[in-house]
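The same chain A turns up in both complexes below, where it pairs with chain B and then with chain C.
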Partner chain A sequence: MSIAAITGVGVVAPNGLGTAEYWSATLNGTSGIDRITRFDASSYPVQLAGEVSGFAAEAHLPSRLLPQTDHMTRMALVAADWALADAAVQPGEMPEFDMGVVTASASGGFEFGQRELENLWGRGPEYVSAYQSFAWFYAVNTGQISIRNGMRGPSGVLVSEQAGGLDALAHARRHLRKGTRLVLTGGVDSSLCPWGLTAQIPSGLLSRSTERGRAYLPFDAAAQGYVPGEGGAILVMEELEIAKAGCDRPIYGVLAGYASTFDPPPRSGRQPRLRRAIELALSDAGVVADDVDAVFADGAGVAELDRVEAAAISAVFGPYGVPVTVPKSMTGRLFSGGAALDVVAALLSIRDGVLPPTVGTGRPAPEYQLDLVTGAARPGTVRTVLVLARGYGGFNSAVVLTAPQV
Partner chain B sequence: MSPSRSYQAGGRRVVITGIGVIAPGGIGAKRFWELITSGQTATRSITFFDPTPYRSRIAAECDFVPEQHGLSPQELRRMDRAAQFAVVSAREAIADSGIEPEQLPADRTGVSIGSAVGCTMSLEREYAVVSDGGRRWLVDHSYGVPALYDYLVPSSLAREVAWVAGAEGPATVVSAGCTSGLDAVGYAVDLIREGSADVMIAGATDAPISPITVACFDAIKATSPRNDDPQHASRPFDKSRNGFVLGEGAAVLVVEEFDRARRRGAHIYAEIKGFASRCNAYHMTGLRPDGREMAEAITAALAEAKLDRTEVDYVNAHGSGTKQNDRHETAAVKRSLGHHARTIPMSSIKSMIGHSLGAIGAIEIAACALAVEYGVVPPTANLHTPDPECDLDYVPITAREQRVDVALTVGSGFGGFQSAMVLTGSGVRS
Partner chain C sequence: MSAFTLNDLITIMRRCAGELDEVQLTGDIADVPFQDLGYDSLALLEATGWIAREYAVSLPDDVVTSIETPAELVAFVNEKLDRAA
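And then the complex of A and B:
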């Protein structure tokens, strides 16, 4: 069976544009969470977000694409360009039907959507953009990336909130197994407009803190919700043997295992299913708990969600049994982009032998029994990493990444 | 050993054992099948809102009264219309499959729901409130309803279905525009084949008949402006066609591993033998005239099914009724099926129930399964004067009794997505 190697990554994150900037900030514990600047958020109960700053779409994309794309699609297109360049892949030199695109989406191009809703409701139907039919919808990033790069093979779009980022990677792996040579995959999201923020508030999961260093505290006893963010990552996935044949290109690692499960409804009295997702993913990778060097946790920063995740990790690895980290404490939760970015961070940890810290959280709540990496990055051998992502409503996904030589 | 490894060599087969449909013209799979084999149409003037300011003022609406389907007041408040469709269809499909919901193996049951535009109707309704009719960019969050986040993230559609089915296996929403329904069922087939699930509650739902959707299709003249004759507005392959008619609805299927279905003595409608998708990498809304990527998808789906193109008995067309689509698709079918394309029936049920975006792909899979079941090919309504460039056998006006062992269904959508699925009856029908 084919082995899914990651050969290129492209990052657009609140604490760094491009892989190098993001990784350096992440290892240093530099957060991208700050006051919302995209609009005047002073009248909203949520004041902080992980905005991507300094991203100038016109510097990277042809001007004709700008009127037809939402902010999140522009970031996705640029992340895809960077991932391909990183993998030293020229799509124009590969057979078109041998390349596919699978992205995750959580809420579509919401800022574009708000503008067109305002045109419709405030001015009239004739003011609605000719691009509205596709610029906001969930499939737009896959479509635009495939068009920009001439990729005509099997594609897909998965929507399972934060878990979707991992589901997309797993679906990309399926395409490789069926014979597609290369798949661009991952997720990039943003809904940081007034309407997008307003639609997130009723979830009750957002932090209302205005203290940027203390707003999002995964696994902390004082956790009070998460900070929303934007951005994400696009990855190049290729079959390992083909990737190896590509001269001296680096291989970041292998997507060795994956599983997803769904939680029973609240008040059903049944157990959540995250633990099962972890166990199935380990089994799919052919590894055991002892092989895992680190867990990149979902880290919702919401007490009841943190408790369930900590219990699942402890059940599989034992109390304090494995280093756990939540680098998204520096970016906020990026919806479909968050898990894809965590996968990049995990691959870079494997490459550099160092785990990024969880910032904000001083010490995890003792009852969680977690060895949380806090304070500073932690060096050590990292060969096998488990990445967890959970989507609002009960979606659990788990991915196992291994070093390329395993 | 992991499930995905242990089953790989076994060649797990996937069958449809339950069907639930909500479509314009009637609720339930039975009413749906009666309508689309009668040649009657369910397209009409829009009644959901005042369509006067719009170019296209027609749609295929469902007469759906959620209270009649057992949805509680809190469920009604929480669920967008698309979620209501999905839940009611899922219940029908599970009942039809003969499985008691408590007998579904929770860990081995998954959910895959397609939707192109998610909870768009609720989002627009609530936007109008928080923006006070589009008056303020800085919308008033204090008017946000409790379920607003459920509308923002359409993954809530899969959650609702998972709760109905008691599913605790893999669950997701697949959203690839107008191929969402085909892709969601294709995704379910993948999961069963690889061993990640034994049963998938799979299908698609969309409820897009809302001002913003009508306006956005107006803006690119994709929908038909035949406002004076709504019942005959959807005219796939006809020379006078002038766009699609927006629809709504859902189809949810119980998709099951074959041996499991056989062991429990289930009624099997059809086997899903092959699925493939391709992109045109050309234009977000435009199509390359040569139909090559749809042809590639058809060829790949037949290859996966290990069937020769001459074995196809029926093609369920995308047949949206736009000038561009129907020619593109005709070219694609000729390209992939060769001379055989001219000898087989190919019809578009969108002529009768409109185009419900992501949902229609699943509804059309249901139509194919029922065509295999009953040996009847539904017609293309409103097809009186074929476009000279559309020169295949589109089964005009009247349904045709004919054995269907191998059905091919195709979809084409914004984003450039092209998908194809092959269903068969032989070898699995009891």
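And then the complex of A and C:
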């Protein structure tokens, strides 16, 4: 069976534009969480977010694309460009049906959608942009990346909230196994407009704190919800043997295992299924718990969800059995972009032999029995990493990444 | 003197649908098909929507499939304007 290698990454994150800037900030514990500036959020119960700053779409994209794209699509297109450049892939030189695009999406282009709905109700149907016909769709990032790069192979979009970033990668791997040569995958999201934020608030999971450094505290006894963020990552996935044949190209690592499970309904009395997702992903990768050097946790920052995740990790690895980290504590939760960005961070940890810290959380709640990386980055050999992601409504996904075999 | 000129159209196209990096809206483009200028039917739908609002004319939706070049669109809009006058 073919082996899925990651050969290029493109990052747009609240604490760094581009892979180098993001990784350096992440290892230094530099957070991108701050007051919402995109709109006046002063009357909202949620005041903080991880906004991508310094992103000027017109510097990266032709003006032809600007009127028809939401902010999140512009970021996705640029992340895709950077990932392709990183992998030294020229899409124009490959057969168009050999390349696919599979991204995750959680909400679609809400900022664009809100503006046009305001036009519809405030000024009349003749003022609604023709591009509203697709610019706010779940599948729009996949479609625009496909069109811009002439990629006409198997493509799609996965919608499973935060779990989507991992589900997309797994679906990309399925396409490789069926013979597609290259798949651009990952997720980039943004819902930081009044409509997007308002839609999230009723979940009750968002932090209402206005203290930048204390708002999002995964696994802390004082956890009070998560901070929303925007951005994410796009990755180039290729079959390992093909990837090896291209000289001078990085191979970041291999997507060795994956599994997803779905939680039982609330109050059913049945157990959550995250632990099962971990076990199935390890088994799919052909590794055992002892092989895993680190876990990049979902880190909801919500007591009940943190408890479930800590219990699953402890059950599989033993109490304090594996280093755990939550670099998204520096970006907020990026919806479909979060897990894709975690995968990039995990691959860079493998490359550099260092785990980024979890910021904010000083010490995890003792009952969780977690070896959480806090305070500063932790050096060490990293060859196998487990990345976890959960999506609102019961989605659990787990991915095992391994160092590229030489 | 036409009420709606090629320059007016170019201004609107730039504002509502942008330009490609490789095809600029300069020189004699009056008879260059929209397709070759990088505008699909959706871009034309967007542009005709703007023209309809700014010039207070009604343009049928099928104009985007029946008209192929900027010169044809300019002529069509002027015909509508004349008729309305």
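Criterion: the second predicted complex is superposed on the first by the 405 of 406 C-alpha atoms of A that agree within 3 Å, B and C clash if a C-alpha of one lies under 4 Å from a C-alpha of the other, contacts with A are read in each partner's own complex, and residues count from 1 in each chain.
We adopt the following convention: a residue touches a chain if its C-beta (ideal position, glycine included) is under 8 Å from a C-beta of that chain, and two chains touch if they have at least 3 such contacts.
Fair warning: this is a prediction, and the values are worked out from it, not measured in the lab.
A.B. asks: Let me test your reading of the model: by the given contact rule, A:Gly394 touches which partner, first (chain B), second (chain C), both or neither?
C.D. replies: Touch status of A:Gly394: first partner only.
A.B. asks: Should A:Gln114 be classified as contacting the first partner (chain B), the second (chain C), both, or neither?
C.D. replies: first
A.B. asks: Looking at chain A, which partner touches more of its residues: chain C or chain B?
C.D. replies: Ranking chain B and chain C by residues of chain A touched puts B first.
A.B. asks: Given the touch rule stated above, what does A:Asp263 touch, chain B (first), chain C (second), both, or neither?
C.D. replies: In the superposition, A:Asp263 contacts chain B only.
A.B. asks: Between chain B (first) and chain C (second), which, if any, makes contact with A:Gly213: first, second, both or neither?
C.D. replies: Once the two structures are laid over each other on A, A:Gly213 reaches no partner at all.
A.B. asks: Taking the superposition on A as described, I'd like to know which of chain B and chain C A:Ala139 touches: first, second, both or neither.
C.D. replies: first
A.B. asks: Looking at A:Gly380, would you say it contacts chain B, chain C, both, or neither? Reply first, second, both or neither.
C.D. replies: Once the two structures are laid over each other on A, A:Gly380 reaches no partner at all.
A.B. asks: For A:Ser63, decide between first (touching chain B), second (touching chain C), both and neither.
C.D. replies: A:Ser63: touches chain C, not chain B.
A.B. asks: Can A:Gly318 be said to touch chain B (first), chain C (second), both, or neither?
C.D. replies: neither
A.B. asks: Just checking: does A:Pro95 make contact with chain B only, chain C only, both, or neither of them? Give me first, second, both or neither.
C.D. replies: So A:Pro95 meets neither chain B nor chain C here.
A.B. asks: Which chain A residues lie in the overlap of the chain B contact set and the chain C contact set?
C.D. replies: In chain A, positions 68, 129-131, 133 sit in both the chain B and chain C interfaces.
A.B. asks: Residue numbers of chain A touching chain B in their complex, please.
C.D. replies: So the residues of chain A in touch with chain B come to 1, 39-40, 43-45, 68, 96-97, 100-101, 105-108, 110, 114, 116-125, 128-134, 137-140, 142-144, 146-147, 149-161, 163-164, 167, 171, 174, 191, 194-203, 257, 259-265, 270, 273, 276, 280, 283-286, 335, 391-395.
A.B. asks: What does chain C use to touch chain A in their complex?
C.D. replies: 14-21, 38, 42-43, 45-46, 49, 52-53
A.B. asks: Provide the residue numbers of chain A that touch chain C in the complex, in ascending order.
C.D. replies: For this pair, the touching residues of chain A are 62-68, 126-127, 129-131, 133.
A.B. asks: Where on chain B does chain A make contact in their complex?
C.D. replies: 1-5, 8, 53-55, 106-107, 110-111, 116-118, 123-124, 126-128, 130-131, 133-135, 137-141, 144-156, 158-159, 162-163, 166-177, 180, 183, 187, 190, 194, 196, 211-212, 214-220, 222, 276-285, 293, 296, 413-417
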